[in-house]
Amino acid sequence: MESITEKGPKPVAKVFTYILLGIWALINLFPIYFMFTFSLKNNDEIFGENIIGLPRNWQWSNYAAAMKTGNMGLYFLNSVIVTVAAIFISTMAAMMATYAITRIKWKLSKLTNAFFMLGLTIPLQASIVPVYVVLSNIHGLNKYSTLIIPYAAFALSMAILISSGFMTDIPAALDEAAKIDGCGYFGTFFKIIMPLMKPAVSTVGIYSFLQCWNEFMFANVFISDSMHRTLPVGIKALSGQHTTDWGPIGAALVIATFPTLIVYLFLSRKIQASFIAGAVKG
Amino acid sequence: MKKFKKGFAIFIFLLPGLFLFISILIAPIAVSVYRSLFDWNGFSEGTFIGFQNYVELFTNGSIKFMTALKNSLILAAFSVFVQLPLALLLALLLGRKVKGEKVFLSIYFMPVLISTVVIGQLWLKIYNPDYGLLNRFLDAIHLGKLKHVWVGDVKTALASIIVPTIWQYIGYHMLLMYAGVKGVSTDLREAAVLDGATKWQVDRYIVIPVIKPIIKVSVIFAVTGSLKTYDLVRILTEGGPFQSTEVPSTLLENMLFLRNRYGMGSTISVMLIILCFAFALLISAAFKEREY
Amino acid sequence: MKMKRLLGSVLAGVMAIAMVGCSSAPAASDNTADTTEPAAAVSTTDTGSTDTATTDDASGEKISLNMWCIATEADSNRHSYEQAIADMQEKYPDITFTWEAFENQSYKTKIKAAVSANEMPDIFFTWSCAFLGDFVDAGKVYCLDEAYEKYKEELPEVMLGNSTYDGKHYGVPLTMNIVGLFANMELLGQVGYTEIPGTYDEFIECCDKLKEAGIIPFGCAGKETWCVTEYLESVIEKSAGADTLNDIFLGRATWANQDVADAVDTFQGLVNNGYFDPSGIGLTNDEVKNNFIAGKYAFYMNGTWNCADFANNEEFFPKVKVGEFPVINADKAKLGQLIGGPSDTLAVAASSPNAAAAADYAFELGKLICHYGYLDGCGLPAWTPYGDTSSVNALTQEVAKICENADTYVLFGDTAMNADSANTYLSYVDQVYGCLLDGQQFIDGLAKDIK
């Protein structure tokens, strides 16, 4: 389907475009390739014999080391628990708040929305001191909830921004109809609105995921025991242990990264579509 | 009764959101503002010292707040003037119906999904003075004299933080802009082409103005993101060498855990909030003016 | 015989610190000093003591005690803790003792949080002087005066100087360490030396010869500023004198001291002469230590806790010697003025329900950790040594000899000062090492910024 924009063949420009796109693709893929290959090499190969080639002897023992001494399995699980819980809480809270802001008519709804939008520019760091003090006083450090609650709170503003974009697109007539059928606010929200918000949920989920899964500062500051560490903190600790042995670090990096990338590869269309939806609606 | 019911419903719907938002964001900020006026070590009473923390922040030669601020502004400048133009270029190119558009898109977004800590570790391996890829590459192409202790040399340390930061998030901004580019109606483009416009002219005069709001959001995110940088600095340089790569967030952490100065930590938080808001407003204003 | 004499002189030296000690150290924490290994927090919970047979003489009931420390699996003290705890569990089967070890840096965060939340374990590891002093000021630490009565014979009171506040004892000292000048004699031999040069001029001449021969004289980890202080503090002490430095560290004299400025310039001269490994700036202490063992540097100035690690490396051990940094200005300083002192300490939480029992337990445990630690070469003992100590490695014995002639000890600056001052100090040291400041700017800045 040649579009009219293709103003005759201009092979030079076209080749140039592809070269540019190709180079950038390589720049993006190379580190991932490098990480994967050095995770399967021993130090001799990494430090001299075979720097960027495929591993000669596949050292799966690096993975065993990362799982065993590095505890990567536990940290992965911790990251999943924290991220899923934070996404669930923030999405639910955001949907409810958005409903109140966009679909119930009241005087201060605009102001409330603006209030929530303050969160888009507030840096995470702003609350780290007081939250730390409060948590340490109520024995709240070193638990899953130590991270879940702040993550949920910080994902909230973006979640509200995106879901209000989606929610205003739902025709008001539906609410009227529900009202006639005898649904109250709660009935309308759970029975009518929520089912229609599925695409919004996936978009909000992706944005929140990016924010929570990779978060390092709160995790580094609030979690000091090894039981509740998330992946980023675990990797930092592991790299301190193995300053001269790169293989296990590479393995840990792969363990932390590849599951996400694989899921992404399978769902990339959907994820991109959702992400783009967020950009447009937001 | 009905009014009460409505009010009650609004209250319940807002409750979880407001609870999270106020308890984790708003209340702590208020506390930070208050505590920033104290000399306080976290467990004793603390003494009220007015704005002395703010004064000390700029005058104490060991705190390096100015260096930190300068570093994050340099990073912001690189984000806005290197990262975003690159992202825009990629988005525009992909918006031209190239073959394999989806594949490129998927690849470009990959680094965004990787944890910054992983990226930091990976780049540490690239920068390693003895075994790192970069120095070996320079050796291989007979440019051994350009070799550096990348993260340990005052001249290159900041740059070695900036490069991965910019690299990682190009995909993020690219996808946001791509969404905008795809949103430009084909009719509009075709009309322009019929009028004899080249591709670049179409991009310049039709596409870019349409996606301006998205660019504005990208600029705000890039600048406030730079002010908040923490991860890569912690991993790559720990603020060194000689504190030349400190950023406000690493200083903040030092105040809490190395120096027991919670009051000063709060002061840095407050400065960060003020800066983020100031820049967000400034950028919005700049974009508004240009519209006419 | 020999041991006794040695201890006598160690004590005499420590007396000096004990007297100048930090009995009223105001605020908290240090950032460094003694650890070596950045291991990940390996937490171990020892459950080997679930068996209960007899009753405890102190209380007559079963009690459980918990301890936090930093002896992670990678720490050279690990072994002495394990042995000491095993002994204790055998001796007191009725006390259920559990312990956890955390990585140094995260431990500092954790213990501070626990203190402010009143959630401390019964017994905890701490650094003496300012770090412990902060907790003592907040009333969170159990006073050990009563328990100490029972151990007076074995633990000389002078050793408690760094953990004594307002005349009361709050800590059980374990080992003490000083800064040693470690030398790779194989490399020194290549330029014609069989001993570490004894005077400063000879020392510099030796460095020049090493440099000419393509050997880097000093290895120093720039990523961890405390490693720089090991060099800088020695240079200042041997130029301006121990008393001057001590007074400054303890806040009794101002930093604005021309001798200090000159000493800093001397140190910077060493840096500018290219005696230090330039890539050391970007390395951690572990990496530098590995380089030293691998024969990359001729000298390595660091704490004497390293003796154990060097002794454990069979290939390297015969090559290494330890000495004292030579005197730079003989008018003000002399040999025997050392940097170091007892810092590793156990303390008991005031909030512990079994504080009295925990205090006794801490003393006995401390004695055993000290004993085994000394045998392992992790440092010199704070307690009177007992049993057969002939197996102590030669390097640690050399250190003991240095301490035998000790005149004055000045505690590591960042342990002696409170957290804020210590970090201000470290920041300035960092800038000196990077040649961003000269001696004059160093003293001016510190005089202004340390309150």
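For clarity, chains are labelled A, B and C in written order, and residue numbers in each chain start from 1.
Quick note on the criterion: a residue touches a chain if its C-beta (ideal position, glycine included) is under 8 Å from a C-beta of that chain, and two chains touch if they have at least 3 such contacts.
Just so it is clear, the structure is predicted and the values come from calculations on it, not from any experiment.
J.: Please work out which of A-C and A-B is bridged by more C-beta pairs in contact, and write that pair.
T.: A-B
J.: Measuring between Cα centroids, what's the chain most distant from chain B?
T.: In terms of C-alpha centroids, the chain at the greatest distance from chain B is C.
J.: Centroid of chain B to centroid of chain C, CA atoms only: how many Å?
T.: Chain centroid spacing, chain B to chain C, equals 41 Å.
J.: Starting from the mean Cα coordinates of chain A and chain C, work out the distance between those two points in Å.
T.: 43
J.: Centroid from C-alpha atoms only, then distance chain A to chain B, rounded to Å. What do you get?
T.: Between these chains, centre-to-centre, one finds 16 Å.
J.: For chain B, give me the residues that contact two or more of the other chains.
T.: Those would be 42, 257.
J.: Where in chain C do residues touch two or more other chains at once?
T.: As it turns out, chain C has residues touching two or more other chains at 109, 116.
J.: For chain A, which residues are shared contacts with two or more other chains?
T.: Each of 133, 221 in chain A touches at least two other chains.
J.: Can you check the complex and tell me which residues of chain B touch chain A?
T.: 5-7, 9-10, 12-18, 20-21, 23-29, 31-32, 35, 42, 90, 93-94, 96-98, 102, 104-119, 121-126, 130-131, 133, 136, 167, 171, 175-176, 178-180, 182-183, 186, 189-190, 193-194, 198-199, 202, 214, 217, 220, 224, 227-228, 230-231, 234-235, 248-249, 252-253, 256-257, 262, 265-266, 268-270, 272-273, 276-277, 280
J.: In their complex, what parts of chain A are in touch with chain C?
T.: 133, 136-139, 141, 221, 224-227, 237-238, 240-241, 243-244
J.: What part of chain C is in contact with chain A in the complex they form?
T.: My answer: residues 38-43, 74, 102-103, 106-107, 109-110, 113, 116-117, 119, 284, 286-287, 290.
J.: Write out the stretch or stretches of chain B touching chain C in their complex.
T.: Those in contact with chain C are residues 41-44, 60-64, 129, 149, 151-154, 238, 240-244, 254, 257-261.
J.: For chain C, which residues count as touching chain B in their complex?
T.: Spelled out, the residues of chain C in touch with chain B are 27-29, 31, 108-109, 112, 115-116, 134, 137-138, 222-223, 278-279, 281-283, 418-420, 423-425, 427-428, 430-431, 433-434, 436, 445, 448-449.
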